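Note that the chains take the letters A, B and C in the order they are written out, and that residue 1 is the start of every chain.
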Amino acid sequence: MNKILEVRNLSKIYGPGCPQCLESTGPEADTNLCPHCGSVVAIHDVSFDLFEGEILGVMGESGSGKSTVVKNLYFDQAPSGGEAIFYDRDKQHDLFALNAAQQRWLRNHRFGMVYQNPHLGLNFNISAGGNIAERLLMSDLMDYGAIRERAKALLARTEVLLSRVDDLPRNFSGGMQQRVQIAKALATQPPLLFLDEVTTGLDLSVQARILDLILEIQQELKTAMVVVTHDLGVIRLLTGRAIVMKYGRVIEAGLTDQILEDPQHAYTQRLVASAL
Amino acid sequence: MTLPILQVEGYGKHFQLHEQHKLIPSSHNVNFSVSAGCLTALVGPTGAGKSSVLKGVYRTYLPSAGRILYRDAMGHELDLVLASEHQILELRRREIGFVTQFLHCLPRQATLDVVAQPLLALGVSRIDARQRAAELLSAMNLPERLWSVSPATFSGGERQRVNLARGFIAKPRLLLLDEPTASLDPATTEQVIGLIEGLKSEGMAMLAIFHHPETTSRLADQVVELAPPPAVEELLKEIA
Amino acid sequence: MNAMTPAKTGNAYNFGFLDEYAKKEVRRAVLKAIAIPGYQVPYASREMPMGRGFGTGGLQLTLSLIGPDEVVKVIDQGSDDSVNAVNLRHFIEMTCPGVSTTTKTAECTLIQSRHRIPELPLTSTQIIVLQVPYPDPLVVVEPSEDKRKTMHGEADYSRLLVKLYEDIVKFDEITISHRYPTRINGHYVIDPSPIPRWDVPKLNASASLILFGAGREKKIYAVPPYTKAEPLAFSDVPFRVEDFRDEQGRRRACARCGCVDSFLDEFVADSGSKTWQCSDSDWCDGHATKSILARQTQGEPA
């Protein structure tokens, strides 16, 4: 099994930063706000590996920095420190050393991202099919017929009724909007997919349907995924390995079933015990 | 005499509950081996840590002490306690199976697909995998009308049969069984015993905990008696 | 500095109305625009004695490029005698004494035009200046200029292409009639000003330099001679020009001169009846003359 992503010492600090930031924040300090300079240490020293075709969970509560990790890897933000290597068939990319055009190329051709808020991942001014067409166009597909067929196929795959292909997403339910987002993210068959709290806030039945879909897709396409969530059920169902974050640091990492049944860290134990 | 597939030496497990400031012992100084084509049964009273041993081998528990030496398909020996998460995931996919007491699966997946899943993970085609799943479910007397339905609404016994089918289907080299016949009626229990004997003769190694002593005596080639771990104070003396 | 002093010229303005510094800046912008085909070069657009929206951008280009031997043609929607064209031509005659003006495309060296490119193919000794209301084709999909600049820089026109996609979904064809987005030299996509689709192919590999001036938006851009200009389209839905066929499928002819291969304007009389006539008035004159001559030589009355 080959490695697809290697993240080392990823950090993101909002604000000026000061020499005491790191020691004044984190799980022991019970905060990610530096009392000396007011900076927020959103994440610090985050490291993990991801292998082809596997699903890694990033678990934590609000303020843990889990979303910040994927935002930086997807280039929505630039990190304050650390590095990430993306292994792309026979090439390696040092993600944060690339220029904007190269990063955009990776976003359009090799990565996919599904946000918790569909407004971040979809363009609400164009139809569902148009959203997918946009992504295909960004990946340099220029044949209208092929684009249309692929858009329809993807929406069918994510169980969006074909009759809604040309409708605007604002007329869709939350679950359907998420499914359009997933279809859009998968349009380019990316080897690496980021999922940021994609089922949070959705009805349970809708959630189940989307989780099903994600797993099926992973089995078919062998997409490697980073799944960010605070929901233990989602972690258990989707992921084989997971990392647990608190106040920006990784406090525990391991096999998902081990973390859930034999948590080592006090915080993880509390988290697991709190699950309904 | 072939080399054992699994050799457990001095396995110990305790849980450290930080919030409650408690140390809970689970297993202590367990030693045994398992060979191909043989079934090793763990017996002992409740609290003896039988499930803990199985989970320790599968790495659902992080062992606190000891070595768990596994000989893989290539003949290489590795200590599962020290293996990387990655190696463990690969072994679970290809070589080590675990039939637990609980069935965790996607809420809406059809039974046939639940059972077929381990074969799909090995790259078998969906059609072939489902075919094999159908054969196993028939062998376990699970009515065909249930195959396209999710196991979420099944009875305990029905779920257990799905669980077993999923555990058997990929024919792992080492299969861990935690009370596999506990919720089954006598007829189905017979079927399962037959299946297990068949798998044994095909060379599968098994480590099992059985609910009924008769099943143990029928299937076990080796019986390992486990005693409850020593009390906490003794354990603390040992750790110190 | 080659400005003629007011005493010599007999009027209060510098030759070409703009001061020499202003002209120099425009010329620099023109050079940059030619060097980076399709790139919108910002410039300090001067206040002109007419409102924005009346061709001040095109006019600044014209006035900066005019030399004393220039022969200038000014058209609006293809016609030399529409109000705006007439006013602009008078302004040029007034501020550039000694410069000739003409209506004949074949005889001019510099054309300022609103919304059309003449039918007669231009030569390498001619320059055409087009008046542009909105220079940036991305303005319909992205309100932030900062983001638009990044999109242009990275040649990211997917949002524009999606608009074309949605058109085809709704109407089975691309419905853009004027300002058809066109990719220049393989990178920048321009808004070629409100010229009809008919004129877009003239941008490609043109012998003459084509300049675009936006006064209100303060941008100058260019399609240099012999440069690739490709209207945006899908590989299976190609670009096509206007179709002037009637219900029977016959190509309409100009009611005045009989031409069947020019861009036609549609006129609706009060009675409701429609006639079609060449938009390019000089072209129409030339054809009408030709057909009169032809009929004369064939012995028919004029």
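Note that in this section a residue touches a chain if its C-beta (ideal position, glycine included) is under 8 Å from a C-beta of that chain, and two chains touch if they have at least 3 such contacts.
The structure displayed is predicted, hence computed values, not measured ones.
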Per-chain CA centroid nearest to the all-protein CA mean: A
Distance-maximising chain from chain B - centres being C-alpha averages: C
Whole-Å gap separating chain A and chain C, where each centre is the average of the chain's CA atoms: 49
Centre distance in Å when chain A and chain B are each reduced to the mean of their C-alpha atoms: 33
Separation of chain B from chain C, taking each centre as the mean of its C-alpha atoms, in whole Å: 79
Residues of chain B defined as touching chain A within the complex: 15-19, 55, 59-62, 85-86, 88-90, 104, 106-109, 120-121
Touching residues (chain side chain A, partner chain B) in the complex: 1, 51, 54, 208-209, 211-212, 215, 219, 236-237, 240-241, 253-255, 257-258, 261-262, 264-266, 269-270
Residues of chain A that touch chain C when the two form their complex: 100-101, 104, 123, 126-127, 129-130, 133-135, 137-138, 142-148, 166
Touch list for chain C against partner chain A, complex: 150, 154, 156, 158-159, 161-163, 165-166, 168-170, 234-237
